[in-house]
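These notes open a run of structures that come right after.
Next come two complexes, and both contain subunit A; in the first it sits with subunit B, in the second with subunit C.
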Partner chain A sequence: MTDLDAATREALAELVLTLADDEFVLGFWDSEWTGIAPMLEEDVATSSIAQDEIGHAKAWYELLAELTDDDADRIAYGREPDAYRHAALMNHPRTDWAFTVARRFLYETADSIRLEALSRSSHPGIAGLAAKMRREETYHLLHWSAWMRRLAEGPETRARIVAALDRLRPDAEAIFSPLAGEAALVTAGVLPDGLAALRAAWHERTATELRALGLPVPVDEAPAPTEGRTQRTDDFRWLWGEFTSVARAEPGASW
Partner chain B sequence: MADRVWEVFRQEAEGDPFIHGGSVNAPDEELAMHYAREFYGRRQESVRLWVVPREAIVELDDPDLLQPPFDRSFKRPGGYLIKHKLEAARVRAGSPAGSGEPEGEA
Partner chain C sequence: MIPHRASAGEPEAAIWAALAEVPDPEIPAISVVDLGVIHRVELADDRSTLRVELLPTFIGCPAIEMMREAIGLRLGALGIAERVEVSLTFAEPWTSDRISAAGRQQLRSSGFAPPPHLRDLGALGELPTLTVVACPYCGSRETTLENPFGPTLCRAIYHCAGCRQPFEAFKPI
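So, the complex of A and B:
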């Protein structure tokens, strides 16, 4: 893709960074369930899915490093908290199991729509990775949808799921917050559908699933927040301190 | 959620026999499949899994049926001494002894 102009290349790098940071930060939050998930089997499943996300983040960071002549580890661990570009959905701490399931449900449905579009990208690196990731994300979506159905059944778990969805929904919209150079990416076919169109598809998809579970369907039609990927919280700063602690202890060390 | 025990059998390659991998606890079939996949399939070590509720397994362990007290070696292939019969048959057929199919246990 050497025929892309500088502005489009910059937008491409921004897009890949958002994909990488979403997976990276969510992977770290969910890895906090290791050892304390509701049952041993689920502990292994949650940890394994969290690991998958870190693996996907690694693949995106490596692609980004190639595009920007940088180093994947430096991008992953060498930035200040404010330079991360994950959606606001990933600013929240792990919280309780219902909260994690609700976040996972919102994220996995959005991610599957986003990956489907990216697998049609004109950029072969992006299309190839998205196609591979879709295969793994199919299981993630099945797993978290299975948990949504279970938690929607009991009165107590249902109340918790409703509260968590309520709290997380506005920040989940940030997954589809507009990117600076988005128009150029759409024109070049790097991003085959604009983020607003993907967001509409996500609304439709989640509404269908929530209705089927008898859960409230949000009716908010406001545009996705423009600051959805730049606002950082103290919770995220704490997590950043955790996941960069080893890298910061011995900068430049080879492991 | 009340857990049930599910036995997991795995096949390593198409056409291979299924071998018992182990068991998982899960409240229902759907999560049992997910957990079986995590424990016995996520490292590309299986091409197919069978996930069976433990109570569906019919167990037979009666020693009167499985370990009869009399000598039943004649029910095993090794219970027949056929080496000399085979040699005689070869002579009759005109082929030299020791050629042809391997004889196996005699």
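So, the complex of A and C:
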């Protein structure tokens, strides 16, 4: 992959940063359920899934650090909130359980489509990580699909899941917001399918699953938001303050 | 499963023997060799460097750094090479089928059900709830999956109707 030109390498770094930040921020939000999930077994499950996501983020940050001659911890904890590039879906706090399940459903379905494409990447580092992550994410998908089925059944939980999906859907579209330099990544085979194509596949996938659950299927004709990965909220700024607090307390300390 | 090299000379045998003494930090009954995490061992011809590549069982496994350190120390003590480098790779995904037959027995004897073979499971997406796992204590197959997520990323929680005990199983992945 040393033959990539400077512009493509820059786009590659941006792509890996989005992958890392998505997993990192979502992992931190969901780790907030540790100790207060709806039941004990769920406490274990959500915590384990959150740990997986933080682990995936670490692997992406390490790959990025290699590509940009930087330090993975610096990238993860040393940026100002506005420099994070997660999709707007991850700007929201955990809210109630239905909200978390709805976000998870939207994210896991999108992530599985994205990872399938990336496992065919011409970049061996990306392809290897994506292939391994797909195996782990299979468990996540099964888990959150089971929760979707469960919440879709009761009248009150159904109303909550419908409201949460409604609220989150536009921000979930941001997972597939176009990236600067995306065309070059597609040409180089780093990103085997463009984000618009992945988004279309995700629409189809979510429509099938929502229809099977008797839940409303949104119609998404508008293009993905162009600012989908750069807008930050006060909720995220709060979370950022939490997850960087240790790193900021003793800058440069080694652990 | 374990990539023994065809031309394994004397130093290579010593390296593999030393690796077989390094336990998994989370389940010490099994060695890193039987767990199948050793992807490659490469000793430079001039013996300046001994390189070992590891395949993490789970990407976020916190034990991998401990394994890396323990392997570095153990191989360093052999004095075969001037420098020992232990790195991680995702060149191929670690799967639970990489656990050796001896490793599966070691898991069972320390109270962990070994993972079902992937070849018996069909698509990965169907496996966790449909799998019958035998109880590592009494051997009963009347067991139920309580939670596909457990105390570590690689373990699931089951309950045995035979001996009425909960137990943990290594996840198929």
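By definition in this document, the second predicted complex is superposed on the first by the 255 of 255 C-alpha atoms of A that agree within 3 Å, B and C clash if a C-alpha of one lies under 4 Å from a C-alpha of the other, contacts with A are read in each partner's own complex, and residues count from 1 in each chain.
In this text, a residue touches a chain if its C-beta (ideal position, glycine included) is under 8 Å from a C-beta of that chain, and two chains touch if they have at least 3 such contacts.
Note that the coordinates shown come from a computational prediction; the quantities given were computed from them, not determined experimentally.
**Q** Let's test your reading of the overlay: on subunit A, do subunit B and subunit C clash or fit side by side?
**A** clash
**Q** Return first, second, both or neither, reflecting whether A:Pro223 touches subunit B, subunit C, both chains, or no partner chain.
**A** Neither: A:Pro223 stays clear of subunit B and subunit C.
**Q** Pick one for A:Ser48: touches subunit B only (first), subunit C only (second), both, or neither.
**A** Touch status of A:Ser48: both partners.
**Q** May I ask you to decide whether A:His143 touches subunit B, subunit C, both, or neither, giving the answer as first, second, both or neither?
**A** In the superposition, A:His143 touches subunit B and subunit C alike.
**Q** Once the shared chain is lined up, is A:Met39 touching subunit B (first), subunit C (second), both, or neither of them?
**A** Only subunit B is touched by A:Met39; subunit C is not.
**Q** See if subunit A has more residues touched by subunit B or by subunit C, and give me that chain.
**A** Looking at subunit B versus subunit C, the one contacting more residues of subunit A is C.
**Q** Between subunit B and subunit C, whom does A:Lys58 touch in the aligned arrangement: first, second, both, or neither?
**A** second
**Q** Determine, under the contact definition given at the top, whether A:Gly241 touches first (subunit B), second (subunit C), both, or neither.
**A** It touches nothing on subunit B or subunit C.
**Q** Applying the document's definition of touch, where does A:Gly189 land relative to subunit B and subunit C: first, second, both, or neither?
**A** In the superposition, A:Gly189 touches no partner, neither subunit B nor subunit C.
**Q** Do subunit B and subunit C touch any of the same residues on subunit A, and if so, which?
**A** Common to the two interfaces on subunit A: residues 41, 44-45, 48, 139, 142-143.
**Q** Sort out for me which residues of subunit C touch subunit A in the complex.
**A** Residue positions touching the partner: 56, 58-61, 89-95, 124-125, 128-129, 146-151, 153, 157, 171, 173.
**Q** Can you list the residues on subunit A that touch subunit B in the complex?
**A** The contact residues of subunit A facing subunit B are 39-42, 44-45, 48, 139, 142-143, 146, 150.
**Q** How about subunit B: which of its residues touch subunit A in the complex?
**A** On the subunit B side, the touching residues are 1, 3, 24-27, 30-31, 34-35, 37-39, 42.
**Q** Once bound in the complex, which stretches of subunit A touch subunit C?
**A** 41, 44-45, 47-49, 51-56, 58-59, 124-125, 128-129, 131-133, 135-136, 138-139, 141-143
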